[in-house]
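Got a structure for you, written out below as C-alpha cells; questions coming shortly.
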Amino acid sequence: MTVKRDAAATGSKRRRSHRSADSRTPWPLAVLAAVASTIFVVPLIGLIGSAPWRDLPNLIADEIVVDAIGLSLVSSLVAAMLSVILGVPLAWVLSRSRFPGQRLLRAVVTLPMVLPPVVGGAALLFALGRRGIIGEPLAEATGFVLPFSLWGVIVANTFVAMPFLVVTVEGAFDSVDRRYEAAAATLGANRFTVFRRISLPMIAPSLRAGLVLAWARALGEFGATITFAGNLSGRTQTLPLAVFVALEADRPRALAISLLLVVVSIVVLVTLRDQWWRR
Amino acid sequence: MIEDHGGLMAKIAIDRPAQPHQDIGFHLDLAFSIDPGETVALLGPNGAGKSTTVQLLAGLLSLDRGQISLGGRVLDRAGNGADQLFVPPENRHIGVVFQDYLLFDHLSVLDNVAFGPVSRGTSRREAKVSAAKLLELVGLSALAGSRPTALSGGQAQRVALARALATEPDLLLLDEPLSALDVTTRVELRAMLTAHLALFEGPILLISHDPAEAFGLADRILVLEDGRLTQAGTVDEIRRRPASRYAAALTGVNTLTGVSDRGAITLDDSRQHLQTFDRTSGSVQVTIDPRAVAVYRRAPEGSPRNSWSTTIEAIEPLGDIMRLQLGAPLPLLADITPGAVSDLSLKPGQTVWVSIKATEVLATKTGDDPEKNLDD
Amino acid sequence: MPPSFQGALVVVSIIVISILAGCGSDGDRRTLRVFAAASLTDSFADLAEAFEAENPGVRVELNLAGSSSLREQILEGAPADVFASANEQVMDDLVAAAAVSGDPAPFASNRLALAVPAGNPADVDGLADLADAELLVGLCASQVPCGQLASEALGMAGVTAAPDTTEPDVRALLAKVEAGELDVGLIYASDVVASTGGVEVIAAPALDGHSTRYPVAVLSGSTSPALADAFMIFVLSPEGRAILDRHGFGR
C-alpha cells in the first residue's frame, strides 16, 4: 500500500501546482511533445471547424441519432459492467494462478487489442453466429440468435473492451504487496474474503482506470459491432455506425454525431481522469 | 482450542537446495516449544531464518520436514500420503504482529481491528464493539475513525497488536515489533507491550534481532544462527555461558533495575544515579549497550550527567573488539576497539572515567501500573 | 538519450525517408492510377492485368473503395487518372466540380439479386419474403447505391422489407448471407458471381428493370491523360466488355 500512498502524495503536490526549478522542460522534449500534441489537436480542430454549428440541434435531435445515442450508452455501459464482472476474476487468475497454457491464455485475452476489430467481429460470428460453434446449438435449443440484436452489440463491445480492463487490473494485482493479503489470512479471512476486502480495495484506482478505458473503447467500437451485430437503426446502430453510414450520404450529420461523441468523451475523460486516474 | 498442553510445539525444517544462478541453498532446522503464558524470543542476525520461521508458523509457507502443533492441534505435518496435513493460515488462530504492521490503509483503524472477527463470522456490530474495547485498552479510542496513514509509528504498532489480539488467537507472533520505531517510541512501546503481553494467556513468540527488545520482553531466549538453534535458555543462562560469539555479543547488554523519578533513576543495587531522557516514573529495567559506554583516562569535559570514575576489573578480547569489565560503583561491560585500549594503555586495575549519554540509557517500566504509560 | 537510442533513431529516419522518396519515382515505368468502386474489385483486377499485358511498361495501380469515399478523395486532391463509379450521382458531383476531363461514359450496369445461403435453408421463394419478420433479412444501407436501388425496386414491387441489418458495404452483406447468418439478402448480381459458391439466387422478376449504371471517366487532374484515355477505351472495348460480362455485369 506504500505505492498508493506515494501516488497520493504526488497527486496532491501536483494539485498545489508549485513550480519548482525541476519542472522546466528540456527543449527536445518540449519540441517532440508539441509535435505529439499536434497529432491529436489538429484533427479535432478539423472536426470542430467543419461542424455544421447552426443545424447541430436539428441534426442531433433526429430520431436516428437519438436512437443511436441510447444504444451507444446502453451497450457501452453494459459492456463495461460485464468487463468488470468477468474481467476482474480473469485478471486475478492470470495474475495469481499458475496453470499450463497460462501464457497462451494471456496472449489470447489481449489479442482483441491488437486484432483489427473486423477480424474480431468475424471470429465472433464464427463462434456465436447462427451457424457458429456455440451459436448453432444455442439457436437450436433456445431459438436465441445473438447477431443482429442489442445483445450482439454488447458482446462485440465486451469482446474489444474487456482486454483493456484485464490488462490494467492484472498489472495492479501483480503489484499488490502480497504481505497485506497474508496478514488478512492470518486474521482468519478465507481467500475469497481476502480478495473481496483486501486485494480489490487495494487495486481500486486501477480498477477505475480500467473501467474507464473499457467503457471508452466500447463507446467508440465500430468494426466488430458492424461485422457481428450488423447495422440497423434503433436496434444495433450505435453512434460510430451512424457516423460511418452518414459519411456516405449526409456529411453534416456525420460531423454532428462525431462532434457529439467527442464532447461526451472529453467530458467523461476530463472529469474521471482527474478524479480517478492519478489516485 | 486449548487442550492438554495448550502451548506451541514446533519442529520445523525447510530445505532450499542451491539453485543454479542463485546463491547457496538455505536450510532451516529447529525445534522448540512455548508454554501458554510464556514469552519466548527467537533472536538471531539477519538471514538466520527468523522470517521464514514466522511464515511457517503462520501458515504462509509449508514445512518440508517436521510438525507444528498448537494446543494439541496439528497445524502442519510434512510427509507423504495420509499423515500429511496443512492447516491454511485463516484456520490457524495465530495472531501475527508484522514487522511493518501491514495495516489496511483502505479501512479505518476500527475496521482494521474488527477485520479478524468479521472474517471469522462475527457480526459487524459485535466485532466493532469488541474492536472499540481493544482500542480503548491500547489507548487509541480517539483514533478509531482515522485511516492508518494518519497514525504515527507507535500508534500503528498498537493498532497492529490490537488487530492481532481481536481474533483471540491461540498463539501470538511478534515479528520485530519495535524495530520500525525510533528510539523514543521504542522505549514507550516496549513498556506497553510488556503490559499487554502479560494479559495474553497463550504462548507468545517474539522474533527479534535486537537483544534489548528480546531481553526486555521474553522469559526465554532461542538463539538462531544460520538456520539452526545455537542456544536456548533464560537470559541469565545465556549470559553466563554464551554458546557462540554471536550470543556472547548479544548478552553483553548491561541490564540493571532501578526506580525512575521523571528520568532520574536510582539503581537498586548500587544506589548509583543515572539520567535517562525518558521522563516516566516508577520501577524500571535499564539496558545499556556496552558500545555506548565511553571510557576515558581523565574526567571528560562538558560533564555529561552520567559520568563517574571506576576501575577496570578485566579486559578480554571478543572478536574484533575488547570487552572491559568495570567495577564499583556500577558493574558494567564496555566494548571498545583494541586500538583504543593500546592508545589509552588500559590495564586491569587501572582507574578510568566512564560516561554514558542519557539517550543511550534505555528504561523500561516494570511496575504494577503499566496502563499509565499508554497515554500519549 | 543513450547513444544506442540515438543511433536507432537515425537508422529509422533514414529508412523512413528512403521509403517516402521511393514513392513516385518509378524509373521509366509508367503508372496509371485507377480509382474504382469496391464492387468492381475483381473485374478491374482482371481489366488491369489485361491492359498491362497489352501495354508493356505500364503499371496499373488500383484504389478500390466505396464510390462516395473515392469521390471525397478525388475532391481532396488525391492523384488519380481514371475513376470508375458504381453510381451516376457520384460521377455527376465530380463533373459539377470540374474534376472530370471529357464526358463520363457508362460502361456497365448492375442488377440486384435475391441471394440466399446455399441450399436455401429458410425456403425463400420470392421478394415478398423480405417482409417476413421471422426471417433474418439483410439489405444495403439506404445511403449506399445498392441500398438506394433496393428501396426503389422494393417500392415499385410494393414490398415493405423488415431488415435485421442494413449493411453499408455490399460485400459484407454478401459475406453474412454466405455464412448463413442471414436467411436472405438483396445484393448485386455481380457479387453473386464474385461469391465462391456460398450463395444461391432466387428468381425475382420484380428486380428486373432496376439497375445501376457504372460510368467511367478520365480525371482532369491526370498526369498522363493519353494513357488514361487508352485505359478508358480499353474498358469500353469488346475485350473489356467480355471481362465485365464474365463478372456478371450487364451492359
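A, B and C are the chain letters, set down in written order, and residue numbers restart from 1 in every chain.
In the analysis below, a residue touches a chain if its C-beta (ideal position, glycine included) is under 8 Å from a C-beta of that chain, and two chains touch if they have at least 3 such contacts.
These figures come from a predicted structure and were not determined experimentally.
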Compared with chain A, which chain's mean CA position is the farthest off? B
Identifier of the chain whose CA centre is least distant from the whole-structure CA centre: A
From the mean C-alpha coordinate of chain A to that of chain B, what's the distance rounded to whole Å? 51
Cα centroid separation between chain A and chain C, in whole Å? 34
Distance-wise, how many Å sit between the C-alpha centres of chain B and chain C, to the nearest whole number? 83
Among the residues of chain C, pick out those that touch two or more other chains and give their numbers. none
What part of chain C is in contact with chain A in the complex they form? 1, 66, 68-69, 136, 138, 141-144, 163-168, 172, 176, 179-181
The residues of chain A that touch chain C in their complex are 28, 125-126, 129-131, 145, 147-148, 226-227, 229-233, 235-236, 244-250
Per the touch rule above, chain B residues touching chain A in the complex are 55, 58-60, 88-96, 98, 102, 104-107, 115-117, 119-120, 149, 163-164, 166-167
Quick one: in the complex, what on chain A touches chain B? 1, 4-5, 179-180, 182-191, 193, 197-198, 201-202, 204
